[in-house]
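In order of appearance the chains are A, B, C and D, and numbering begins at 1 in each one.
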Amino acid sequence: MTRILLRPRKLFKVPIEASAISPDNFAAARKVEEIKNQVVWEGNRPATLASIFDVEELEQGGELLEIIIEGDASKLRGVGKGMGSGTITVEGNAGIRLGEAMRGGTITVNGNVGSWLGSRMRGGRIEVSGDAGDYVGSAIRGSTRGMSGGQIVVRGSAGNEVGCWMRDGMIRIGGNVGQFAGVHMLGGTIVIEGSSRGRIGASMKGGRIVVLGEVGRVLPSFSIEEIRNVARVGEDRIPGPFYVFAGDLADDGDGRLYVSKDRNLELRFYESYIE
Amino acid sequence: MELLIKNGYVVDPANGIDCEKLDIAVRGGKIVEEVSSSAKILDASNMLVMPGGVDIHSHIAGSKTNLARVLRPEDHFRDFERRTALTRSGVGHSVPSTYTTGYRYARMGYTTVIEPATPPLKARHTHDELNDTPIIDKACFPLFGNNWHVMEYLKNGDLELCAAYLSWMLRATKGYAIKIVNPGGVEAWHWGGNVVGLDSEVPHFGITPREIVRGLCKVNKMLKLPHAIHVHPNNLGKPGNYLTTIKTMECVKDLAEGASIHITHCQFTSFKGEDWSTLRSGAQEIARYVNRNDHVTIDMGQIIFTATTTMTGDGPFEYILHQISGRKWVNKDVEAETGAGVVPVVYKRRSFVNATQWAIGLELALLIEDPWKVYLTTDHPNGGPFTAYPRVVSWLMSKRARERTMSRMNQSAARKTILQSLEREYSFEEIAIVTRAGTAKALGLKAKGHLGVGADADISIYRINPKEIDPSRDYRAVRKALRRAAYTVKDGQIVVKDGEIKEVVQGRTFWIDSRVPKDLEEKIHRELSKSFREYYTVGMENYFIGEGELARSSPIYVGEAKV
Amino acid sequence: MKVIVVTGRSIAQGRSKESKFSDEYARAAATCEVDPEDLSTLGVKPGQKVKLTTSRGSVNLFASVSSQSPHRGIVFIPFGPWANSLMDAETDGTGMPTLKGMEAEIEPAAEDEVLGLKELLAKNLKERGRT
Amino acid sequence: MNVENVIKGVVCPFCGCCCDDLEVTVRNNEIAKVENACALGRAKFERWNEGRIVRPSIRSDGKILETSFAKAVERSARILYDARYPLLWGWSCTSCEAQKIGVELAEEVGGVIDSTTSTCHGPSIIAVHDVGESSTTLGEVRHRADLVIYWGCNPLHAHPRHMSRYSVLSEGRFRKRRGERKMIVVDVRRTATAKIADEFIKIEPNSDYEALTALRMCLKGEELEQESIAGVPSKKFEELIDEMVGCQFGVIFFGLGLTMSAGKSRNVDAALSLVRDLNSKTKFVIVPMRGHFNVTGANEVFAWQTGYPFAVDLSQGYPRYNPGETSGVDIATRHDCDAALVVGSDPISNFPLEAARNLSSIPIICIDPHETATTSVSDTVIPSAIVGIEAEGTVYRMDGVPLLLRKLIDPPEGVSKDTEILEAILNEVRRIRGGR
């Protein structure tokens, strides 16, 4: 197991395009010296890793590679981009597009992360202890290729458009979410343990969203189907009862919303529509 | 600056030169008899030397192209170019930014490109973009097939006034030729409809597409325009439309002396069959007609198996494409003139329809005997990006290349086309005709597409020896060489070396400075000044584009119209 | 009283926005339009001052009776630095800050002062120390 | 010598209407009179000389000192050259020619170039990336539209001549009289525009998405399970859809009511989807009410030169685009930029406080004809000629029609055009880089 520790040498002012920080890249570089010479962009100037991080090799040997970033990495962008294996651990806050286009491996963040967490992710696992920004697991602008595999777990809350254009895979949010969770969703599963600020599953075509907290109002383009006592997500079975809505009918969608019955009493009027 | 290109194998069909070892002398941006001893020597030994490429139909600039750029950030995301000391940064693939467009054409040895679909009301936008498209010379074709003034003059039989109007419009828009797209159909689309064929009436205008095409063909002759009317027929993209294409060619036959109609991106209008499942190639019938009639030229509109973007003035067709594919759709109607539509597309090998379309394009080029009547285009980016031209060349020059691609495409489509049986393989001379000499001739650009004395010194040199290589077998080597020119010379300056930009120059914008007799000119000016604001939301004085708005204006005088 | 703040353009603001330090602009952009019924509930007469507070900040404005009512529960403030003392810079990933539809508290503020542009900038940007 | 000259066909440099039939009387290099303009256009012309800056200035240790053009240019170039992530903001109130130099400058200094689009119709463009847009130039509406819906916009206050030049109060080839058209306004308050509409539908704030979704459901013939949506009885949506399907040519003009309220780009996504789907039943188009007279031009220029319409990050030598990451307000709020060039805009007034405060804490270069909140906190201020009055240039109307603004009078002594100032800064940056 090779373990590399990166500690920012200063408080970053401008954004750092740091997609060079990825296990695949470091594994290819093999020796620490080469890792130190990897290039990142500090705003509009290329900079070697060593010029802005203290780079330390904690452990040497073996295939598996772990990168640890200690300190405030919130200005780092695209860390772990396209990684296929290995581990990144961030002790502190991480920035935008963390784990973008990830194919495998694990990212763990003990802190908050910026927007576009795991955008276009194909595989692997991301775990965030704090909050995430908007567009968790989403596609890039103009594309319909959102997250298509892997797992994202955010213990805290997340912003708007969680799982936008999601195709497959699993997103679990421990806290609340903003608006439009699952917008344009095509497949996969989103579990929200907290509440949503509304408009869940807008324009969704497929996939499932399970909300354990409050949802405010459900969009008029969803129609109630049934009440289910449990939602099966992977191995675990989340106890309900849930109102199950089908939609988004405005886009001929066949997705499902599982909304906790007990936490959303104002939705009871829908029960009259259940055949 | 004097240049002497030595020992190259020159292919210059317009001057009857086919793979002869000759020297080419260049001075002051022109090809000359000979140069002094102080001329810079460019050793083209064992290399193919041809005139700079002339692309007759490529959507590279204007409001429609920009609508597509804004629609497709995901298309730019993977294909970008970093800035260098000499070149600007940009994005590529199916809707490249303007700088990247100019550099990529020059790298491929192309030196003149036509933007074929300009809404007159927004011609200023097209010229804004052409000014920012480096190195290549260019021109644009304003759209007239659904223009209210044109339809009214032709309906009332005022052919002279129509000619005077077109003459004013070419000067107002700084345009080069008359472009017709789905005549009458786009006007019907402004109510959500379309026209069914050549003889259905345009709502509220009481005129038929046939009358529009014939009228504009007559006006084209009256104004003595260098290029024939450039026509995108009705029913494009509809199974069974090959008949409409033949009728469209036929309906101007009697007006002919010399080429009088050019059918553009003919692949999309050569469909037989009733619906998509019974789609067949109509290339044989179209080719038979073109072989028998000398008033027609066409360009291929070849498709490439790739993801790209369709964009055309044919609003109703793009809506149909949206309904079929379900992909995002942009429509932009232009008041009193034309329309535009943009829909992304993916041409798949496994698709029966796409595989048939692929075969149709090549069948047209292989079945039409006279290479001076058919030109190589992909209707960029509708069929595929222009950077795929070398691949189309390899299919034309090598039966083996065709077979290899056919073996990996929908076999039901492969069986139902005759492409399998076509043995013909293009020579370098024929390739030079369909990509330079033929297109320049059709456009009437006398100083382009050939290397005779007096021609513009636009030259492309490729690192293949036409004498030794067997394109049929080594089609990959041909393709590779044509992708990145060993040298591209523009107006006598070396702008590209081994596919790298060496110098950035500003290309010309050609336009027709058309004139009609004084009295007619005053009459049309009076009429337009009175009624302009009834037709448009802008004034006549703000519609007209001044010559100063072109970065390097190059007007062409064609003498006063014969009215 | 709980209200929703909506910002937008107005002729008066548009006419004077090129002369930012003029009194006309201050009057145009530091005056909010309140629904007549809300005004009476608040006990504020047109021309008197009110204080608006949102999660992002607070500002004193002149109150005017809206000529574009009814819109009970909505207070309209023309675009400008006064309105932007209240609005949320959060763009939800779209680049657009929340300039319409923010929850706010409105209360009479007869004694307080509606700042001119210079004073407003001094107050809003006071911790301008160069980082 | 009292030389008076009336110039006709003048294009107005105020809002996205770009009215091109103004008549301006010029006397002794001053604007004497302007006709055919609305209240906003007239103010721009008649008060062109108010609050003008005529001398460049530099701020050093708190004091603002007048200086020469050359020194101001040198200082600006130095600030941009030294910056690691400069923001080049504004651009909507200048010419396309200046915008092009702006893109070249952003590429040269490795910065982000963004126009006020991102605080206007940026969300509309983001929605177009996903859905596309069925639209048209304004003349088609004038000639054919028999149903005109103004949604979340108030043209009488923002685009005063819009209705008389392009929609319900205009005369078209197929619509001669006002009675042949129906005008509906959908908004959260009964605006001045709503008062002259045939019908006003009042919806609750932050509920446009629900209202648009309800309409899309009715269009598909689906049943609405809720009695009222967005504060409007569900039956109302069924009636409105019948009218939208029943018209010959319908148009939705939409404004910042959709882009600035909760939902932002998704509100426009729903509107674009509704209009797209309506095309299966009748002819329907949608047009954004763009605010500034050349914000559309900024989108066109940035798009053809870089591939992206706004928020273009050129810091790594090639165009990158991600509104929300590379857009002006976000960059300011996150304290990402370490210097800013502001051209023809006033972000210190127009950004929310948090973003404005961060922006004011970094060196700012401001190019503007007038004194603004931004010039008052800038490090370097360079006065510029007013495009459309004192400088010519290309602009693009809200529907993409390109027009030429004319120079009617000379700018004050010593005041240069935007293009000249930006060119000078660009050359100076290159001089510094080249060490010449």
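What we mean here is this: a contact is a pair of C-beta atoms (placed from the backbone, for glycine too) under 8 Å apart; a residue touches a chain by one contact, two chains touch by 3 or more.
Note that this is a predicted model, so its numbers are computed, not measured.
Novice: Go through A-B and C-D and name the pair with more C-beta contacts between its chains.
Specialist: Of A-B and C-D, it is C-D that has more C-beta pairs in contact.
Novice: Nearest chain to the global Cα centroid?
Specialist: So the chain sitting closest to the middle is D.
Novice: Just curious, how far off is subunit B from subunit A if you go by their C-alpha centres, in Å?
Specialist: Those two chain centres are 46 Å apart.
Novice: Averaging only over C-alpha atoms, locate the centres of subunit C and subunit D and give their separation in whole Å.
Specialist: 22
Novice: Quick one: report the Å distance separating subunit A from subunit C, using the average Cα coordinate of each chain.
Specialist: Computed value for the inter-centroid distance: 37 Å.
Novice: Could you give the separation in Å between the centres of subunit B and subunit C, each centre being the mean of its C-alpha atoms?
Specialist: Taking the mean C-alpha position of each chain, the two centres sit 56 Å apart.
Novice: By residue number and range, which residues of subunit B touch two or more other chains?
Specialist: As it turns out, subunit B has residues touching two or more other chains at 71-74.
Novice: Do you know which subunit C residues sit against two or more other chains?
Specialist: Where subunit C meets two or more other chains at a single residue, that happens at 92-93, 131.
Novice: Could you list the positions in subunit A whose residues touch two or more of the other chains?
Specialist: 13, 115-116, 134-135, 140-142, 161, 179
Novice: Thinking of each chain as a vertex joined to the chains it touches, would you call that graph a line, ring, star, complete, or other?
Specialist: The chain contacts form none of line, ring, star or complete graph.
Novice: Output every touching chain pair, sorted by label.
Specialist: According to the stated criterion, the contacting chain pairs are A-B, A-C, A-D, B-D, C-D.
Novice: Sort out for me which residues of subunit D touch subunit C in the complex.
Specialist: Within the complex, subunit D touches subunit C at residues 14-15, 39-40, 43-44, 47-48, 50-51, 114, 118-119, 122-123, 126, 154, 156-158, 160, 188-192, 194-195, 202, 205-206, 256-257, 259-262, 264-265, 291, 310-311, 323-324, 327-330, 332-333, 335, 346, 348-357, 360-362, 369-373, 376-377.
Novice: In their shared complex, at which residues does subunit D touch subunit B?
Specialist: Touch residues, subunit D against subunit B: 8-9, 11, 20-21, 96, 100, 104, 107, 125, 128-140, 142-144, 165-166, 173-174, 248-249, 276, 279-280, 282-283, 285, 299-301, 303-309, 314, 316-319, 321, 394, 396, 400-404.
Novice: Provide the residue numbers of subunit A that touch subunit D in the complex, in ascending order.
Specialist: It comes out as residues 13-15, 17, 41-45, 75, 77, 96-97, 115-116, 134-135, 140-142, 144, 161, 179-180, 183-184, 199, 202-203, 217, 219-221, 223-224, 248-252, 270, 273.
Novice: Quick one: in the complex, what on subunit C touches subunit D?
Specialist: Spelled out, the residues of subunit C in touch with subunit D are 4, 6-11, 14-16, 18-22, 56-57, 66-71, 74, 76, 79-81, 84-101, 117-118, 121, 124-125, 127-131.
Novice: Could you list, by residue number, the parts of subunit D that touch subunit A in their complex?
Specialist: Those in contact with subunit A are residues 83-85, 109-111, 126, 129-130, 209-210, 213-214, 216-217, 220, 222-226, 229, 234, 262-263, 266, 269-270, 273, 315-316, 321-325, 335-338.
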